[in-house]
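Next up: some structures, all given as structure tokens.
In what follows, chain A forms one complex with chain B and a second complex with chain C.
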Partner chain A sequence: MPRASILVAFLTAAGAAQMLAPVVSAQAPSQSSEPAPLATGDAAARPWKRYPGWPTRDTASFNTLADQKLSPPAPSAPRKLEGPVTGDPAIGAELVADRTRGGSCLACHVMGQAGNADLPGNVGPDLSEIGNAGLKDEELFNFVYDARVYHAETIMPPWGTNGLFSDAEIGHIVAFLKTLTKPAMFPTEVDDPSKRPPPVETRDNLDDLVNPGLWTVEKAQQLWTTRGPVGFSCASCHDRAEDHFKTWAASMPKWEPRLDKVLGVEEFVYRHAQVATGLSWLMQSSENTAMSVYLRFLADGQEIHVDVTSPGAKQAYERGKALAAAKVGQLNFSCLDCHNPERGGLHWIRGQWLGEQRGQYDHFPTWRTSQQDIWDIRKRFQWCNVAVWANELPPDAKEYGDLELYLAVANAGLKLNVPGIRH
Partner chain B sequence: MADKPRLKLPKQAKKGEIIQIKTLVQHPMETGLRKDPDGKLIPRKIINKFSCTLNGKPVFSADLEPAIAANPYLEFTAKVDESGTFKFTWVDDDGTVTTTEESITVS
Partner chain C sequence: MKQVSRRDAVLMGVSAALYLTVSDAAFATPAEAAAEIDKFTGGTEPAQGNISIDLPEIAENGNTIPLNITVDAPMTAESYVSDVLVVADGNPNPALAKFHFTPLSGRAVAGTRIRLAGTENVIIVAKTSDGRLFTDRKQVKVTIGGCGG
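Coming up: the complex of A and B.
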């Protein structure tokens, strides 16, 4: 051991022995191996209010990640119909491309010339020749009304059971399906989801002339030395951020036994800064996001490795895994329905590419050019919830913590690359 | 414009050299044509003018229009014959003027 290290070890041991009594001092305590002090209570605004500009539909009567006993149950048997289905195929052709109901049929199925064959998705089978399949009206009706009566594992939304389409509307859709007898003709090659090339992100996300997300790093560096009401700033204890946080963010999120939940970087930033500085950087505030970007930015290039060995962490991971498979919202989708490649992952949902879980964590918080805003992973979770017509949870919800831990494990070994840049 | 504009240009150059200058400023560039969820027009708010001078002499200037995307990025070249200070100016519809400076040594 070099002499300097011995000296440091000696001083640390001696200091620990002599400083048991609390010391009232203007000096900030130095960063130690003791668990960081954390504030309790809510780490985000209450009551939680949805972001301005997001859809305002209230889907409170459907499952959320916090409560999976809300949605109506799957019917036990197909509905019996009296006689053939009556409907107008022209109205059906409009309904299958109606974007006001979660993107409707064309989001997942190629359906001949429906919607002018404009960017259909390929999560579900091509239905362009379904009219030749010899299905009875009642079967077609029930497939749309609630396909779970035929395939319990289907990812197709229960359009009828969950009240998205009325019986009469499903009748029109069935009438339209029966007219589909010819392969789709696509106006251009990219309209064909089997030929459309997956998007590739090639922008240099760490060039500040390319990625406005990097501007938060500068903001965080200013915040680092901002003293709060307690009289301390981050720098009072962590004088050189770049020395202290080379790896830390790559080990987050982490099970926190004192709070009985998983803490991600954002929630940790709020809870620790609140106690240590008196500054109230609630989750989703610009200060919180800036600091969370910065702490990950300092660990860029480090491989993501989260600890799931303690019993609490193990249980949280298992809960996260179950949440990833939980059906939520009026559209009744789970995370895995869209992001597991054996289901919708690596497919097109209308013109949008569904990525798989791996690769959906290492670049968060990420600058979204379509939003002109930087989103952390919790805001992304919230958006996914709202997009499947489920009510989102507050960003500090323990369910999101469990899910984030599960996602981090799915991304283990990938190198942090924050802030990312995406559409 | 809460954030400082970004600049990328060399600190040193040879006399007569043509250098590349990149600038980026954070701004929503609201066109004045969009409507809010209540159907009301969102008022126009854009950077309408940009200029760059070296020792007070014009190097490059541009009138910006509503069709230019948020966070306008401008890249241009300049022939430098003397050491001095580049001054960059962005003018907002609301009258706000943002300036920043960068010096260059010409040998």
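Coming up: the complex of A and C.
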């Protein structure tokens, strides 16, 4: 296209984009040092609908990352019980392994032969001999009902207060706990969480015979030259992607003062492409994920280094840090409860290894072999929220932006390696 | 691990068949796996050994588990490993794969990824051109997730 017609096309296009969505700033059709124009409004589907196939329970009466005033407060004292706890230890033995209750007790505790000692976890203490500990029925009951009455900082879910187990069920669990008097005998060595080897990722994630997620790179290369309604493609302004984006993704996410929130690569891609091309690549659409993988793929090998020096970024980081410690969901877990090594991090929940925060960002978006799909970091946040029985937020929620910034800082210096491949 | 004898397998088959009449289990049983093996061997009991199975002891999920098999046997025109059967005794369809070799293969080595429904045994049976049979097996523990459903 001759230069003059590009300009004419751009002027028309800029007008068209204005009608499509409010534009934060306009820009000539070339990559310049001016801030990139960004669309305002929602960057993901509204109303947000949970993915089909995900757990459908609505846990609206418990804390989310956006509202931490919903869950019932911790009781101030242990409950007084009238008389001894009655219960059937056989029913209790089933309840401690009941996987409809958030993984239940075996997720975190070895409990003798409960669940045939099949891959129990070790976030909490081994309870195989708790029956010898001389605890009163009422104490055992209260430990299960809400352990916060004994240890304010416990990460154990308040099973009774949050309605996960009824009083009668806790009675059965107490009856079972009292039968535990012998160390566990594990059917195989890997069943023993103290001997089970942590997973080590050795796959060559950039080999497309190994990583099915690499379709995204090919798709993004096609999208790069796809013209949108505005008349431009990515290539119109950034002709050779590999020249322009050698380092960019390693500096993301970034505080965006014009929108008063943190933008990750995915949200940036939606907002910028929407204005510049008219294409609507909503977050977590296949186009958005493909482009977000590609932009990180181009910066693979670069060390993650995000800016937290501007006042806005500093505040966002502090908010993200607080969100990482916020207790959410009916199970009442924070990010740190599971991923800080001083709490659950680097331990087993049942047969799954809880990684620490460092190492949980450099490979996203990542192919998930368990899901047979490629997920960006926001989808991972959403899934964790649902897994702790909290309602998830839309992927463009500002809380996820703050949290992503905090996570990126915890991963500073690690080299981008995208798309990853993981469980 | 204790090897399952033919007689054990038949007994297991009987109990499994009884079990199946009172349940609607979607997973295969060791008896169905044994039937697949019998189809392959023609009923002859394979000798234990001569096969190295490279499989993880534990897998975070059953979707793409790397499997590498090496049969330690000469590959000459007179005697070579001709067929290798892979069976998983807990999968809905227990017969997972069959590999064919010729003397020109040089070595009886194969690698693939398999999908397992849960913790179960992967059984390999190899057949040579002159009618010898080998077998070996390995259990893969497929992880139980922590968060529940």
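Basically, the second predicted complex is superposed on the first by the 395 of 423 C-alpha atoms of A that agree within 3 Å, B and C clash if a C-alpha of one lies under 4 Å from a C-alpha of the other, contacts with A are read in each partner's own complex, and residues count from 1 in each chain.
As a convention for this text, a contact is a pair of C-beta atoms (placed from the backbone, for glycine too) under 8 Å apart; a residue touches a chain by one contact, two chains touch by 3 or more.
All values reported here derive from a predicted model rather than from experimental measurement.
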| item | value |
| --- | --- |
| Touched partner set for A:423, first chain B, second chain C, both or neither | second |
| Which of chain B and chain C A:218 touches, first, second, both or neither | first |
| Touched partner set for A:209, first chain B, second chain C, both or neither | first |
| Partner chain in contact with A:167 - chain B first, chain C second, else both or neither | neither |
| Between chain B and chain C, more extensive residue contact with chain A | C |
| Touched partner set for A:53, first chain B, second chain C, both or neither | first |
| Partner chain in contact with A:129 - chain B first, chain C second, else both or neither | neither |
| Which of chain B and chain C A:372 touches, first, second, both or neither | both |
| First, second, both or neither for A:104, with chain B first and chain C second | second |
| Doubly contacted chain A residues - partners chain C and chain B | 372 |
| Partner chain A, residues of chain B touching it in the complex | 3-4, 6, 8, 22, 24, 26, 28, 37, 70-71, 73 |
| Chain A to chain B touching residues, read off their complex | 53, 208-209, 212, 215, 218-219, 372 |
| Complex contact set, residues of chain C against chain A | 57-58, 60-61, 63-64, 119, 139, 141, 143-149 |
| Contacting residues of chain A [partner chain C, same complex] | 55, 98-104, 107-108, 118-119, 121, 188, 190-191, 196-197, 199, 348-354, 369-370, 372, 387-388, 423 |
